[in-house]
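Pasting the structures in now, so scroll down.
Look for chain A in each of the two complexes below; its partner is chain B in the first and chain C in the second.
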Partner chain A sequence: MFTDQVKKQLEDIVGEKNVAASNASKLAYSYDATPQFQSLPDAVVSPKTTQEIVEIMKICNKHKIPIVPRGSGTNLSAGTTPIDGGIVLLFKHMNNILEIDENNLTITTQPGVNTLQLITEVEKLGLFYPPDPSSMKISQIGGNINENSGGLRGLKYGVTRDYVMGLEVVLPNGDIIRTGGKLAKDVAGYDLTRLFVGSEGTLGIVTEITLKLLPLPETKKTMLALYEDLHAAAQTVSKILSNRIIPTTLEFLDQPTLKVVEDFSNIGLPTDVKAVLLIEQDGDSQSVDRDIHKMAEICRENQAVQVDVAKSPEEAEALTTARRSALSALARLKPTTILEDATVPRSEIANMVEAISQIAEKYEVDICTFGHAGDGNLHPTCLTDVRDSEEIHRVEKAFEEIFEKAVELGGTITGEHGVGAMKADYLHLKLGEAGIDAMKNIKKAFDPNNIMNPGKIFAKNSPKRVVVSQS
Partner chain B sequence: MNTKEKERIQHDFKEKMDYDELLNCMRCGFCLPSCPTYIESDYDEVHSPRGRIALMKGVVDGVIEPDEDVKQSLDMCLGCRACEPVCPAGVNYGHLLEQARDIIYQNKELPKHVKVIRNVAFKGLFPYQNRMIGVTSLLGFYQRSGVQQLTRKSGIMKLFPDSLRTMEKVLPEVPKRKEMKNRPRYYKPIQQKKKKVAFFSGCLMDTMFLSTNNATAKLLQYAGCEIVVPQNQGCCGALHGHSGEKDQAKELAKRNIKAFEKAEVDYIITNAGGCGAFLVDYKHLLKDEEEWKERAEHLSMKIKDISKILVELDFHKKPLKLDQQIITYQDSCHLKNGQKTFMEPRQLLEAIQGASYVEMKDASRCCGSAGIYNLVEPEMSMQILDYKMEKTKETKAKTVVTANPGCLLQMKLGIEREGLSEEVEAVHIVDLLLKAYEEANL
Partner chain C sequence: MFTDQVKKQLEDIVGEKNVAASNASKLAYSYDATPQFQSLPDAVVSPKTTQEIVEIMKICNKHKIPIVPRGSGTNLSAGTTPIDGGIVLLFKHMNNILEIDENNLTITTQPGVNTLQLITEVEKLGLFYPPDPSSMKISQIGGNINENSGGLRGLKYGVTRDYVMGLEVVLPNGDIIRTGGKLAKDVAGYDLTRLFVGSEGTLGIVTEITLKLLPLPETKKTMLALYEDLHAAAQTVSKILSNRIIPTTLEFLDQPTLKVVEDFSNIGLPTDVKAVLLIEQDGDSQSVDRDIHKMAEICRENQAVQVDVAKSPEEAEALTTARRSALSALARLKPTTILEDATVPRSEIANMVEAISQIAEKYEVDICTFGHAGDGNLHPTCLTDVRDSEEIHRVEKAFEEIFEKAVELGGTITGEHGVGAMKADYLHLKLGEAGIDAMKNIKKAFDPNNIMNPGKIFAKNSPKRVVVSQS
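Up next is the complex of A and B:
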């Protein structure tokens, strides 16, 4: 339990000003970007070193106090909501890039470094860190590791996991372990690096990260394909891939999403069509030209009414930046915006898009769809009002059915946002009871006292949705 | 804060806060990188727009009490609204802040001296232009009579905080009382008449910065405007609105609406970013008052910043010339975020021959002046100013151009604090443009 004595001990470790426990501080860290979840921590703690984290861990482990590691709180699965109280642990003082190794093409960094800053720093040297979550302007790399974040370039380059080579982690008992390293090959024992990436802060605290870098692609091109038919747009996605082209980005946006994004960004997006595909390819200029040309052709063959290639890098940048705002921009339409993260094999995109619109109709709810169509990762987003409990109930029903459908099509309940508290109830759909048990046993081995971000990933013994009552 | 105050505030939060607007914030955090106080508070969510909205909602929901920490979080906000243009969800943060501050300040028992100061400033001084003239004249007497010299020598200024002491040094030389009293009410266009405009002369701008107002009129004349300066106008009420005195702000708004609605003009021109944005916002301020709603909208529609009309009338295509120098521009937050005017000042400055324009990094980040913020939150204000000065120095500019009296004073203060007053000068864009025009044409 969190007592005054514990608070004092924490203050002794990190300094008084790095333990915030006012009501205002607790409230400001009681939520992340996930609607409907909010819960106050006991304190917000900002350590400066790995050693301080070791000591914090020991105290919390002894007194069984939950620890929620938190980057910038942009996640969408209530992964950083302190639903059982305890302390929220911030990395704002651990925000240094430690080394960029141009011989091994790696970057070693502390967890509090801002993702966009990291990307900018390596690009200055002609290097490339491909994962680019939409929140990269705000997010921290440590948060990306914990949630295994995706992004717009996932189709060609994969997600965060595919770039993590080594980690330093503090375990709940205070031990420090190092996994992996700057090695291209390493098969010594279990792959703990992969285990920690995407573990949502439930196993330990990542304090140092070594990431793989690539050479920066020589050039890139961006184009928009416009459709009068949702299904035709979705169909195009599979056609591009079956033509053996893997673009960097292949994004899908439906009409309502286009409208709000244009409303915010004012860059002249078409708002009179039913859907668009945002397509990007990078590489050497010859093959980029060839691919873009070929893809434009495929789009036209599949009922695209118009295909436009961005005329300048600025125009291309404006398009991708606008796309990154899609989720937040949808909040313009209704008070509450619930975004989901259903993912299917690429070949099933058209079926999934169709299923989503049928399910929305069946439950009479408003669902807009956009997402990383190219990697099968869709974001059906429900526009609703948290004050209308009857409608919220229908929304939950609809999402449950969407998840069931995704799994039925060989997909999963989350492609890049994590399970967190939001999707814990649906994990069994994907894993089955045996799968969940196996994971629980892993959790127990690392964290027997269940102090690391409790209530996340696994549904049982945790309150379902902590909705703050409104009078 | 005592229990009674908290209860009253909580009650009013529930009654008066725009809950739909609070819900509009979907907590994505896109606002964080643009918030100066979030950055300068070492990335503390309590001092971010997302955090402040959460606190307001927390009070409405009854999750937390409106205690001193909540009040401090709201007080610490500059109100620069840099979070608004970057918010994909389109949350009107400025309105929420105004509502919340109004509720807190109308219900909280303030310390006696704070109350006296607020009453004198908000109720006794700003609404009355003749009193503004009086006070400014006193300042003029202070400057001209030798008292200023005496005061500085006596060391009495040491009793005041550092920033205030420096501010005393950078205040402009104020005009004579007679000049302020007899400001002209009508100007003919100098060349062919293209537009008829009304000029919003403001309170501070028409006293302490009278010369800039006169320069504004001249520029408008050169650009081909016929100008009227309606008699009964007064302070725009921005300071009131931003400091939790909404009722006062409404009174001032109504007075200005009445003063301007008789003038049949194409535009109402402002030369102070803060005033302009507040005038545009009259339509929101008076949205619940049937009799005034439309009249406010009518006025809001006509508001235009001086730089915008100058570009519209092709003033930047006229010959403009200055000595060889680097100039840079510090955005007025409210001109940029409130009135969406940021290209035009740059277009005008880039058109000046002889001078080369260099964009300052983070030019649109608040300078820390923010109405009376630099007086009530001096520490944070100076921290923000220090960053601004660092970026100013990087441009190697001789002239820092501003578009709002608060920013102008703050940048002067920054230059003085850095000991750069020999090399760098802060000016209002209007004064610089007039100089450039006269150098090239007269």
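Up next is the complex of A and C:
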């Protein structure tokens, strides 16, 4: 339990000004970017070093106080809400890039570094860190590690996991372990590196990260294909991939999303068509030209009514920036925006888009769909109002059916946002009881007292969505 | 304990002819490709289905009988020797490719399929499965999964782990779990897929595998750069990578290795130089030409005395095949060949090559070095005689020092062969006690009775190398 004595001990470790326990502070860290989840922590603690984290961990483990490691709180699955109280751990003092190693093509960094800053720093050296979650302007790399963040370039370049080479982690028992290293190959025991990536802060605290970098591609081109038919757009995605072309980005936006994104960004997006595909390819200029040409042809063969290649890097940048703003744009329309990330095999995109519209119609809810079509990772987004409990009930039923449909099509309940508190009740759809049991055993092996981000991933007997607690 | 009654039960499950317990059978599966490790199993069992494996698992778990899953036994870390007896599990009846999905670019297969056969089948469709361990003519894909096998194309394309999208696994308690799927993105809970990859058969039995495929590159070119100076060859490796070129293959062979490989393959390899680099690039023809030209230039700038680009695909194939035969070629020279796989960051290749020669000299042992220089993954290979216990003692001291040096340079004790029984005593060098404890806790969480491939990864109080037991 969190007592005054514990607070005093924490202050002794990190300094008084790094333990915030005012109502304002606690309120500020009582929620993340996920609607409908809020709960006050007991304190907000900002350590400066790994050693301080070890000391904090030992105290919390002894007194069974929850620890919720938090980056910038852009989480969309209530993964960083302190639903059982305890301390929220911030990394604002651990925000240095430690080394960019141009010989080994690696970057070593503390968890508190902003993702876009990291990307910008390596690009200055002609290097490339591909994972680009839409939240990258705000998010921290430590949060990306805990959530295994995706992004728009995932189709060609994979996700955060594919770039993590080594970690320093503080375990609940206070041990510091180092996994991997600047090593292209390492099979010395189990793959702890990837076990921690995407573990949502439930196994330990990541304190240092070594990431793989690539050479920066020579050039890139972006194009927009417009459709009068949703199915034709989805079909094009499959056709591009089965033609053995893997573009960097292959995004889908339906008409409702297009309208609000254009209204938000004012860059001249078409709003009179049913859907667009935003396609980007990078590489050396000859291959890029060839692929863009070929993809434009495939789009036209699959009923695109118009195909436009961006005329300048600025125009291309405006298009991808507009796409990244989709959530912010949609969030302006109604009081509550629920953005999901059900994911299916690429071949099932057309079926999934269709199923989402049917489900929205069935439950009479307002769902826009956009997302990483090339990954099979869609973002059906519901515009609703948390105060309308009757509508929220229908929204929940609709999303439950969307998750079930995704799994039925060979997919998963979450492609990139994590399970968090929000999707814990749906995890059995993907994993079955045996899969959940195996994961719970891993959790127990690392964290027998369940202090690391409790209430996430694994279901409690709590109501499905609304876990707003009041203290 | 393995009793006649247990044998009868196993026969009831898989049929009498699929339980072999003759001395000849037991002897045949008492060792793998690792010298100096031999121990008889109690029986050799060949199931036909996942359900049969569930039944076998339940019996073995009840009677605490070790199970050693085994592919083709090409393992080089004594990972598939039944050092505690029990049953060796073969996959000769589970050797079908189940599906090649050209829309999702995946292949789903049973574990007993031969690696080269799998590669050949997908290439017929213009698709590409990059991991190409030197043993691929013999090895099985299930073994590759358990060991996270590397190969010659690892520099550009990564290792087996990077291609595993989903698994079906039978756990020690008899549960069947399915991880991942045909999904580019999936963050529903912990990354069990990658936890099983490289777990050396110590956590469960992989019964079905879904792998990611790529479009087959348009073309490839191969070249050989000759050096009078080891250090210059190693230096070239770093220079190529720091020039932002990532070739498919970047292999190093020293003069002693060259001599025996040429003697074995007779393809006209130069044997009068101190070292060669074997370099391959693939992709579209323009990029390949540009990269090959640039790399040839870098080789020359770094004291290559000659650079030859293979004139035909056949000549190129002969070169890589010769490289793959290095172990077989070396094995002809002396009664015992010990091939190691200490791995360092790419930037440390030159230092590591130098350290290996110094250590070999210090202990007066005969060590050839070749391997995946671009990965930092070298294969110092000792030609010795297991019957000469005084020399073997020096060999062990030498390898111990090589492992220590690798770790000191930021590397690892094993890049692609696994820990097995052979390197268990050295694991603490890489992981420390805290890292080993974390892994042991995972092992206990899955396999509390320690029936899955016991004696591997984690050290017993056994002598370091010679674990030849007699029954």
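The criterion applied here is as follows: the second predicted complex is superposed on the first by the 460 of 471 C-alpha atoms of A that agree within 3 Å, B and C clash if a C-alpha of one lies under 4 Å from a C-alpha of the other, contacts with A are read in each partner's own complex, and residues count from 1 in each chain.
Everything that follows uses one rule, which is that a contact is a pair of C-beta atoms (placed from the backbone, for glycine too) under 8 Å apart; a residue touches a chain by one contact, two chains touch by 3 or more.
Owing to the predicted nature of the structure, the values given are computational and were not obtained by experimental measurement.
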>> Output check: A:347 vs chain B and chain C. Expected answer is one of first, second, both, neither. What do you get?
In response: second
>> Going by the contact rule set out at the top, does A:457 touch chain B (first), chain C (second), both, or neither?
In response: second
> Who does A:368 touch here: chain B (first), chain C (second), both, or neither?
Replying inline: neither
> Between chain B (first) and chain C (second), which does A:32 come into contact with in this model arrangement: first, second, both, or neither?
Replying inline: first
> For A:310, is the partner it touches chain B (first), chain C (second), both, or none of the two (neither)?
Replying inline: neither
>> Between chain B and chain C, whom does A:332 touch in the aligned arrangement: first, second, both, or neither?
In response: first
> Touching A:359 in the superposition: chain B (first), chain C (second), both, neither?
Replying inline: neither
>> Contacts for A:154 in the overlay, against chain B (first) and chain C (second): which applies, first, second, both or neither?
In response: second
>> From the superposed pair, tell me which chain A residues show up as contacts to chain B and also as contacts to chain C.
In response: none
>> Using the touch definition from the top, list the residues of chain A that touch chain B in their complex.
In response: 20, 22-35, 38, 40, 72-74, 90, 92, 135, 137-138, 260-261, 263-264, 325-329, 331-332, 335-337, 385-386, 468-471
>> Quick check: in the complex, which residue numbers of chain B touch chain A?
In response: 14, 20, 23-30, 32-33, 42-46, 48, 51, 54-55, 58, 60-65, 67, 69-70, 72-73, 87-90
> Can you list the residues on chain C that touch chain A in the complex?
Replying inline: 101-106, 126, 147-148, 150, 154-155, 158-159, 161-162, 171, 175-179, 181-192, 194-195, 197-199, 203, 214-216, 238, 241-242, 244-246, 283-284, 286-287, 290, 343-347, 372, 374-377, 410-419, 423, 427, 430-432, 434-439, 441-442, 444-446, 457
